[in-house]
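Worksheet: the structure to be examined is printed underneath.
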Amino acid sequence: MRAGYHALFIPGPTNLPERLRTAMFVPSEDQRSPDFPKLTVPLFNDIKRIFKMSSGHVFLYPGSGTGGWEAALTNTLSPGDKVLTSVFGQFSHLWADMCRRHGLNLDAIEVPWGEGVPVETYAERLAADKNHEIKAVLVCHNETATGVTSDVAAVRKALDAAGHPAMLMVDGVSSIASIDFRMDEWGVDICVSGTQKGFMLPTGLSIVAASDRAIGETTRAKLPRTYFSFEDMLKLNKDGYFPYTPATPLLHGLRASIDLLEEEGLENVFARHHRIAEGVRKAVDAWGLKLCAREPKWHSDTVSAILVPEGFDAGKVVSHAYHRYGLSLGAGLSKVAGKVFRIGHLGWMNELMIMQALAGVEMTMRDLGMQVEAGVGVAAAEEHYRRSAAGASSTRAAA
Amino acid sequence: MRAGYHALFIPGPTNLPERLRTAMFVPSEDQRSPDFPKLTVPLFNDIKRIFKMSSGHVFLYPGSGTGGWEAALTNTLSPGDKVLTSVFGQFSHLWADMCRRHGLNLDAIEVPWGEGVPVETYAERLAADKNHEIKAVLVCHNETATGVTSDVAAVRKALDAAGHPAMLMVDGVSSIASIDFRMDEWGVDICVSGTQKGFMLPTGLSIVAASDRAIGETTRAKLPRTYFSFEDMLKLNKDGYFPYTPATPLLHGLRASIDLLEEEGLENVFARHHRIAEGVRKAVDAWGLKLCAREPKWHSDTVSAILVPEGFDAGKVVSHAYHRYGLSLGAGLSKVAGKVFRIGHLGWMNELMIMQALAGVEMTMRDLGMQVEAGVGVAAAEEHYRRSAAGASSTRAAA
Amino acid sequence: MRAGYHALFIPGPTNLPERLRTAMFVPSEDQRSPDFPKLTVPLFNDIKRIFKMSSGHVFLYPGSGTGGWEAALTNTLSPGDKVLTSVFGQFSHLWADMCRRHGLNLDAIEVPWGEGVPVETYAERLAADKNHEIKAVLVCHNETATGVTSDVAAVRKALDAAGHPAMLMVDGVSSIASIDFRMDEWGVDICVSGTQKGFMLPTGLSIVAASDRAIGETTRAKLPRTYFSFEDMLKLNKDGYFPYTPATPLLHGLRASIDLLEEEGLENVFARHHRIAEGVRKAVDAWGLKLCAREPKWHSDTVSAILVPEGFDAGKVVSHAYHRYGLSLGAGLSKVAGKVFRIGHLGWMNELMIMQALAGVEMTMRDLGMQVEAGVGVAAAEEHYRRSAAGASSTRAAA
Amino acid sequence: MRAGYHALFIPGPTNLPERLRTAMFVPSEDQRSPDFPKLTVPLFNDIKRIFKMSSGHVFLYPGSGTGGWEAALTNTLSPGDKVLTSVFGQFSHLWADMCRRHGLNLDAIEVPWGEGVPVETYAERLAADKNHEIKAVLVCHNETATGVTSDVAAVRKALDAAGHPAMLMVDGVSSIASIDFRMDEWGVDICVSGTQKGFMLPTGLSIVAASDRAIGETTRAKLPRTYFSFEDMLKLNKDGYFPYTPATPLLHGLRASIDLLEEEGLENVFARHHRIAEGVRKAVDAWGLKLCAREPKWHSDTVSAILVPEGFDAGKVVSHAYHRYGLSLGAGLSKVAGKVFRIGHLGWMNELMIMQALAGVEMTMRDLGMQVEAGVGVAAAEEHYRRSAAGASSTRAAA
């Protein structure tokens, strides 16, 4: 065992705050007790604020994000239903693939990896779909494989412009609770998330926010479902119970997570993620490297996918950092395997923590013979964090 | 908050052993790291011993037992496939209901609640099914709602006698790791379990043991599936990884659970459950009450459903015990609501622990005006435990 | 390893409430940080309410009750100072012995074990001490070895009646936070306690409550001291700091302990201890046995020392209960070794928990051949707890 | 609450390894049970290896390092005994002060802060002490206030050269388990340590290693003692028990700590501390600053005390780092208050962790207007760690 804490900078699971960790450290519980709803009913209400939604329901399944995608599709669609989506990374690809497997009629627009949702193409397809055959439009809010954040609000505008009634479904696994998301304002029907990213918990809950409209679709939707059934859940959730034994430790963790997020303030959480991410991007600049995300508008505040120079293998960066320095980075997946390595900078993160990743990457790149000067990335990040620190302007006077 | 520990005697989630609890208390982890398979590969192998299987695979999904049922069906069956099952309690009912929802052609034999799988009827149906239209035979090994254990080996015999190739699928949620189960010997194709019963962990993993034969069926099976797909799991599990982020704390918990079970010895674990359960049954006798399970051959060693005398409401037993004495019992479900209350006596349990349940039930019954003498149930259990204690015979001589 | 939880019914350390356990589960901390006093300053204030004191100070040393005794003596006395005490059990004996070792001039009244502080003899000695040579009067509030609680208020009255200025020092290790204690009203100068009894925490803090008068004595007291020095502590405690690194996890635990005690209500905590203890005494009666405590006025609500019949070895009760049933009882110490076994019933305790001890003792006694009927102790306790339960009178009507 | 983990770089308490943390997470325990010695007896033996001693005994008191000092003195010395020591920092000062308070006849050599034990002066005093009036020679192995490590072996040589029988007592609080220490080889009679530094646990145990010779002195030593009495401890420790309730969670923690240290290998632990410390010193050089330790021979591998330039207040460095960046550093104490800040780099530490301290100090110094270039300290440390990493030389070839 390597001495010291392992440095975890993957784009999820994220680092576990102490309070959340102990919140989950509960004995076994009677999930049918009269006291159980004291935990769950407020939880169902309060988690809506994280999605910025005022109606609908947030479903909590023992599961992962992938399970949430399945819940979204099977509760609202029928075999053969037309679905519009776009693929520009491993996770947008996988959700599209799931649509196919469940017999949906998929229109998946291929987009270069490094770009985001092609809003204009979406607009064209929606405008052209006079018969409203498209039942759902899928958006991967934050593509974890490439560090690309897409513009969900713009997709809503395209739907509205076309007067199109398709449901808007969002993969918010690596954005919710880290990057601004507005269920109500953006007219999102379903947003899928999980516990292991912005909620800062271990994997284990599929979190599926659904609008009243989406819930209403269950009566028509013919895809088979039991485990992920909205109807079964709603029947018992309304009194604070579940149709099968829930993962109670994670429910306590989620309670603590929401409280922690709200104590910091959701907007402050977003600003903190942006500030940390900007420092990482300054470091990438200082190293003379490029992000996979092709334009600033697509820069993700939760994960940065960094292109290695020609002739180098990004996989070696990840492997060397892990073995030599006890640093976990994200590897490039699928089309960008070997081309990018990823720094996850979401969740319970601050400026000194991220220094571990930056220093570790610098050391690793130099070990591997890349032309990067020692300390320049860290220095660039330091200067950014100093300038942007709360109370930064008044320091010199006071000092 | 009531002082002292809450007394948890529901049939799951069960009491959490200290070692399992701390085993799960891990920081966030890199589930794609080169070290991760050091945890998972041995886990995949070692858990087979708990099911007494030597080939096939045990799938571990973030999920619950219900999810495991869905995995069993969707990976091996196609819409319209004929399934033979029997219903004699809430859980056998729910699995049958799931079959219907997924478009299977269900033959569900209704059996009085309190009895188990009707082996002769199964034998008749199988013998009559000359064309082998029945693709799967379902058995609820231990019906948690009624405290009834069924004879899985007898169902295998019926299949063999009929020369019938149907798959044998078992719900082992409340039996595995508490009551003897033999995957290989009984020719079981799929056995579904979860973490929160005999494995003594929180809810959170669907545990699905599948034979090679069952795994082979995936190529034919047309029910849609992604989250619970055997194929996706197998592709990554073979190297120790998962197709989506696994619930790592529970994997560590499961590791510790298997170790704990094997340190005690699986046969000793079964014997302990039987001994504890016998003490409870002695107490029920002493109280002058009857079990819901109609015959000794159906007595469950993990949960006892106890019939209250005519004119009393079993729901009040559960409620009074909870509020007055901090004791969680299982309520009667569905058809037996109000008629039975249940004492869960599985998992991390010993003879002094169960005294809390017995004393609490005695006090509750007397509070509610039932004709039960104080202490008689406890006394009967004490005498049983004394006689059956390890080393009991030699005590008087030594004392 | 024996399955199930070990049953812990020793008179300390006591069972750890979940909340206290997780409260102590903190990362390492900067004990000189500007935020640290936010924990400690309220703690110093709030713990006074547990002692029912409004001035003075409560000292918190990394240590145990024994260390607290030493703090009491060395901070307030000088070599050769006369001290009046009485010995009627192992713990009153040990404190007296410590006085001798530190060169104090000890007047230790020997009292039969099973009785408490001899108030009349104290009164005589004090009245006779016209020159006020006695500097301190020692009282063991609750003698853990014999289960005897003494009358501290009566000692105060004896002091007042004699117009005697001696300090009144109390060993409250196994009484504080379980049995009523009134620092101010009884004019106690020093009361020594620890974390592992009524505070329901692990061993690790000596808790020493001192009046302003006792603190004032430090200027005169010549016994050498550094580690336990009141002066060093006070100098830093006033701002929330410590003269050496404090045991921070236990400080967090103590914070949670005080909160838990006050949520239940201190008087309710005392009443609960009395109710639980009465049930144990009913069981002892039903077994036909006697307590070591000779009169009801001395019955301790935190521990019962039970005399075994002639011809039996109490040590075998303790040993058999431990090995056969996983039950920890207290053994007889020193003069009462082999004659008594002890049931600790203090701390985080309720009526179902204590049933484990009672049933385990019954089974043990029968295993060892004592003439005790199965279940009678439990039955007697059940009936007591039923009658004395909150809301007991209204049950039948409602049922 | 500030987001992200707090960065703890004080010279103790040190960061808590996960394994040690969960090892301490135990329920309450019966410290008089027949199983308890299974924990304690191997612990008493195995901890000797950490001190490199083969006889004598290691005493474990609920307490802190200060308590350990008191145990050392009171068990082996009598009032008026002559003690030789030297003062060159806050902790050597405090131990000397304790000697005075306990009535010892102290010869305390004042040494400039930044230097270590004056071996030649010791040699002179010992040679001059023909009547062997000096009963004990005290050495602060690692002065935590100034980051100075002294040469214990040289003091042993001075004693031997003078043929002087005085006991050699060492304060090893911030050296044991981090910096090489050899009880037997150096002929040390008592070495005092605690849990919160190299043992990587919370504060709470005084750890006092004593030679047989030191233990033998108890029969002569007349300083009063009870709590810290060697004799009382030995009487019970020999069978695995304690004279009063021990702090059991910390005993479990200590067990895990020894195991962790030995898995890494004690010499590897020392080498790791040296490597980390060297990186810090490279950073200090790069910043153009000086250590308080005046010569390389005194450089401590566990803590670096860094002098701020004239005109700056080191207290502001500590305060700014804490408030702005969530970084805990050690402040200057007593004579060096305002002149130095300290980086603790001992315990569960690695090269990426220390980057947090270095980056945080850089940012802080720049915020406060010091002439330090961004990133230079981190860069210097990076280069040192790269060169000195295990397997560093072979990297380029492999990459």
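The chains carry the letters A, B, C and D, assigned in the order they are written, with residues numbered from 1 in each.
Note that in this section a contact is a pair of C-beta atoms (placed from the backbone, for glycine too) under 8 Å apart; a residue touches a chain by one contact, two chains touch by 3 or more.
The structure presented is a predicted model; accordingly, all values stated were derived computationally and were not measured.
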item: Chain labels contacting chain A and also chain B; value: C, D
item: Contact-graph separation of chain B and chain D, given in steps at minimum; value: 1
item: Between the pairs A-C and A-D, the one where more C-beta pairs touch; value: A-D
item: Computed distance of Cα centres, chain D from chain A, in Å; value: 45
item: Geometric centre distance via CA averages, chain D-chain C, whole Å; value: 35
item: Distance between the centres, which are taken as Cα means, of chain C and chain A, whole angstrom; value: 53
item: Junction residues of chain B, two or more chains touched; value: 5, 15, 21, 25, 27
item: Chain B-touching residues of chain C, taken from the complex the two chains share; value: 1-5, 7, 15, 260, 263-264, 269, 272, 316, 320, 324-327, 348-353, 355-356, 359-360, 362-363, 366-369, 373-376, 378-380, 382-383, 385-386, 389-392, 395-396, 399
item: In the complex with chain B, residue positions of chain D that touch it; value: 18, 21-22, 25-27
item: Chain B residues within the chain A interface of the complex; value: 5-6, 8, 10, 12-16, 21, 25, 27-34, 61-67, 69-70, 97-98, 101-103, 194, 196, 202-204, 206, 223-228, 243-250, 319, 322-323, 328, 330-331
